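There are structures below to look over.
There are two complexes below, and they share chain A, which is joined by chain B in the first and by chain C in the second.
Then we have the complex of A and B:
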């Protein structure tokens, strides 16, 4: 004999169903609200910047001495940004990973102090970092330089890399960590050969976050790399960067050429960050082993 | 003292005689001279004396004294909370890995105190290997590397040819070779649960340990995989001293030569109730508690 469905499974009340649906609606609204500025900013920059970017000269030529003049490109700023961010990563990533590993594997008061300082650092306005490097490096050396700029960017990156690496390494599953211990592996070996590979995609994401943060910074560079209207690879020289170029051209946006240059450079910057993220994801995804169910 | 020299110290004693595995086949019903901690069988590999262990302020095992025989399978049975796993973890210094965990008393392997401050815990763990309840192959390593890498990291094997040979030998010992020989490059976690557990056994064997501690190695496995692991243990017993913690009394009676029954005391700390050769313990236990437990009246 078939039972009455409602008698076996008590029906969900209307009020409860309403609350569940309401939450879904609120979540979707929140998502849309979060997406609007993102899409609006990207769309606005894209529409205004794509015309500059479509010309190859934009990437291969330096800007004209007079910002109001048409033509020229942002080669010096592009190369300067890549060079300084690259050096900043070389400085910040090993230190950040080291602090994260220390905090997890050694722990104790020193690790907590280090973690606290890193947290303070992440809250520091980036212009303060710029002034600090100005006072310690630029003044000591007697001139602005790409090196000083890299150092300032490294200080900006450091907390991002450290915090994300620490969070990721903390997620190493305990059975895996115990397995490594039970096999008599040295701690550093377990970290480098077991824990870091497991957390690699998360660590790479953290590094990319740090790079994305540093690559768009203007304030730390104003007092350190200063900017340079000419092309240079020499880290001892003042060096141009995309944010600095955007800043300077945007200040002169009364001139259509300067305005277009600023938008083009802004779009280029966004695309670089986007590209880094894609490459990072591709690299970490490719490393998965055949048949792995991760 | 370097890790290397400690390892030599731990393993310096003469290898246990393989014939001893036979000596412990005591006929059913034969009154055994054994009492907890003093079984008159085979050679003693591990001596435990007055071992207590704590997690923080909570004592989880109390004053355990027992001898573990070489080239035999010792099963540790008992209800939940009786300290079986903790005891096992004290035998290769894995207990102290947990923050706040400590122990007192003595554990000696071949007469060498494994808690001697001069002894490197890592060296103890290489000689006394452990297999866990949940198979835990390294997820980013291939099947091949899961076996070869720990041995390589510990400096036990050098060169491609030696590694190939080691991987094949250990996978054969773990009865896994035929199933994985064509996919050694696949991820360790691509295997089934039972295969993963055998991979973990192979990985431990690659360190050439003398003792295998197995903490409920089959509890996450299906009956077929369980049977495979049990057969594997029987095959390995001629070369290794095996201690297995199990919830499953049938498993203990199937595979082990000696069984130790643990119970949780009134202070909620586990203690050793009775240790005897397996048949005696299951058919003719001396302690009423043991009788009640093996006949399924509690636990």
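Then we have the complex of A and C:
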């Protein structure tokens, strides 16, 4: 019997087993090839960045006017990143959630058009988003600004938030949806006080993944917030961000001080991004676990 | 809820008409708000796209769309703008990135669906996904300071042997090059390609895979007879999505491609991609029409990536029957 079965697949037993094992070996090699850069990048950035990051000055001081000078920190960039990403979330989350609910509850041509646009947006290079905001907001205002940067980041976040919210809301268990209707709840009450709370951890995951994507973006900020060597909280001014600071210092990496600053900021940025990312994933995993126990 | 709103229920007689009316007004308002929001975002995004094309229009008027796209010279100081050197750079680097990334991604996807012990699949998957979370600028920084110098011997080796016969692989090898950009792109698109491929492979019928094993087939047989043939269309979607990502990747490429406005004859020459030339030249664009020309490059990038992504979404929808997540 065994030999009959084998004949379906391949001529001889030894060669088959060899090929199966070869496949496993190749796959493991591929995984290593993919993971080596991850370990190399993180390791290299960690080793070169940890010394900067461990000093308090790095977080509480602004960089020197001349990139080649030593000392100073990245306070302006850290604050700028947090402020712009925060505003971007405030813009993108309600809109993303609204469009997702609209697509599910109302549907029709308008929903399809909006969803098509969001799909297009999710595949759009972020630098193109930067150009959009430049051509409209920056040109109209006549100057670069943190607000324009926030807007660009919001557009980058929007598809992540919308797609994940829509997926989660579609998964609302049917009995619960029907129960809400049977209780006589208006649709808007059912959505806001039943569907959204049930999918909340999933929606939060989408938001966190969106934030972790927006926080690492450099390209759209080049045309919008531009960067600023000085500390500012004013969204009407050009504003520095961690990725921009890393980029500018990397371009001047012939100077040891610029290199050190870039690595310190890169480590800080990676830790922030991984933090958001892992918390988001943890929430998803917890939900799956809870779901399987139910 | 206010006292008056609860009053009818407390009296025991439901004010059904009133309830229905309130519900109806609430739903109507809710719907109106959502519609307004959706219309607004659609209009705003549409306007932004149109405004970008309008900003670029002087360049298109001067050189013509075909003339701009196929023009092989980019000389801002002479007000000559042709996009071809950057389209060429985008094609070469994206193709090289896919060439390296696709086989690796397919093998990883197979490993994480069929081959690896179930206990390891979760953590390994997360590790691969984290690759996608590393910001582009960090890859660029690492690529510039570590990857480019480390690859120099390999480049010299290829240029010294194969490069003697084929000019495309010829010297000189300054380090920053199309080749370096392709390698960094490969690292960056492996997570997206392998994630989509994994989803596709995981959705192939389990029962068929188990049937092959039950008939005495090996895991190679499972991959060859079930996973790969059934997952082929989805695999194509993953590749196209990876292409879209590679085309638009900006900062990491800018830092390792060497920044040259001319078409490099060899894969080891410095050059530019569409995205990287925009990022690199935008803040110093003071010549006549230079900013407009860079925005025009952006519109080329916009059109190309919309086409690429529409193709990917089309393939995926056909494969998953319209469901976005593959469920």
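Going forward, the second predicted complex is superposed on the first by the 235 of 294 C-alpha atoms of A that agree within 3 Å, B and C clash if a C-alpha of one lies under 4 Å from a C-alpha of the other, contacts with A are read in each partner's own complex, and residues count from 1 in each chain.
Basically, a residue touches a chain if its C-beta (ideal position, glycine included) is under 8 Å from a C-beta of that chain, and two chains touch if they have at least 3 such contacts.
All figures in this text were calculated on a predicted structure; none of them were measured in a lab.
In the superposition on chain A, A:197 contacts chain B only, with no contact to chain C.
Once the two complexes are overlaid on the shared chain, A:259 sits against chain C while remaining clear of chain B. More chain A residues lie in contact with C than with the other chain of the pair chain B and chain C.
In the superposition on chain A, contact of A:124 is made with chain C only, not with chain B. Shared-chain residue A:147: touches no atom of chain B or chain C.
In the superposition on chain A, A:186 contacts both chain B and chain C. When the shared chain is aligned, chain C comes close enough to touch A:270, but chain B does not.
Residue contacts after overlaying the shared chain place A:58 against neither chain B nor chain C. Judged by the document's definition of touching, chain A residues 184, 186, 189 lie at the interface with chain B and also at the interface with chain C. Put simply, chain C touches chain A in their complex at residues 19, 22-24, 26-27, 29-31, 33-35, 37-39, 41-42, 45-49, 51-52, 54-55, 103-105, 107-108, 110-111, 115-116, 124, 126-131, 133-142, 144-146, 187, 190-191, 194, 212, 215-221, 223, 225, 241, 244, 247-251, 255, 275, 278-279, 282-283, 295, 298, 301-302, 305-306, 308-310, 312-313, 324-325.
Against chain A, the residues of chain B that register as touching in their complex are 92, 94, 97, 122-126, 129-130, 132, 134, 136-142, 149-150, 153-154, 183, 185-187, 189-190, 200, 203-204, 207. On the side of chain A, the complex with chain B involves touching residues 173, 175-176, 178-186, 189, 193-194, 197-198, 200, 287-294.
Every residue of chain A that touches chain C in the complex is listed here, in rising order: 2, 5-6, 8-10, 16-17, 19-20, 22-24, 26-31, 33-35, 37-38, 40-42, 44-45, 94-95, 98-99, 101-102, 105-106, 110-111, 113-114, 117, 119-128, 131-136, 139, 155, 158, 163, 166-167, 184, 186-189, 191, 212, 215-219, 222-223, 226, 243, 246-247, 250-251, 253, 259, 262-263, 266, 269-270, 273-274, 277, 281.
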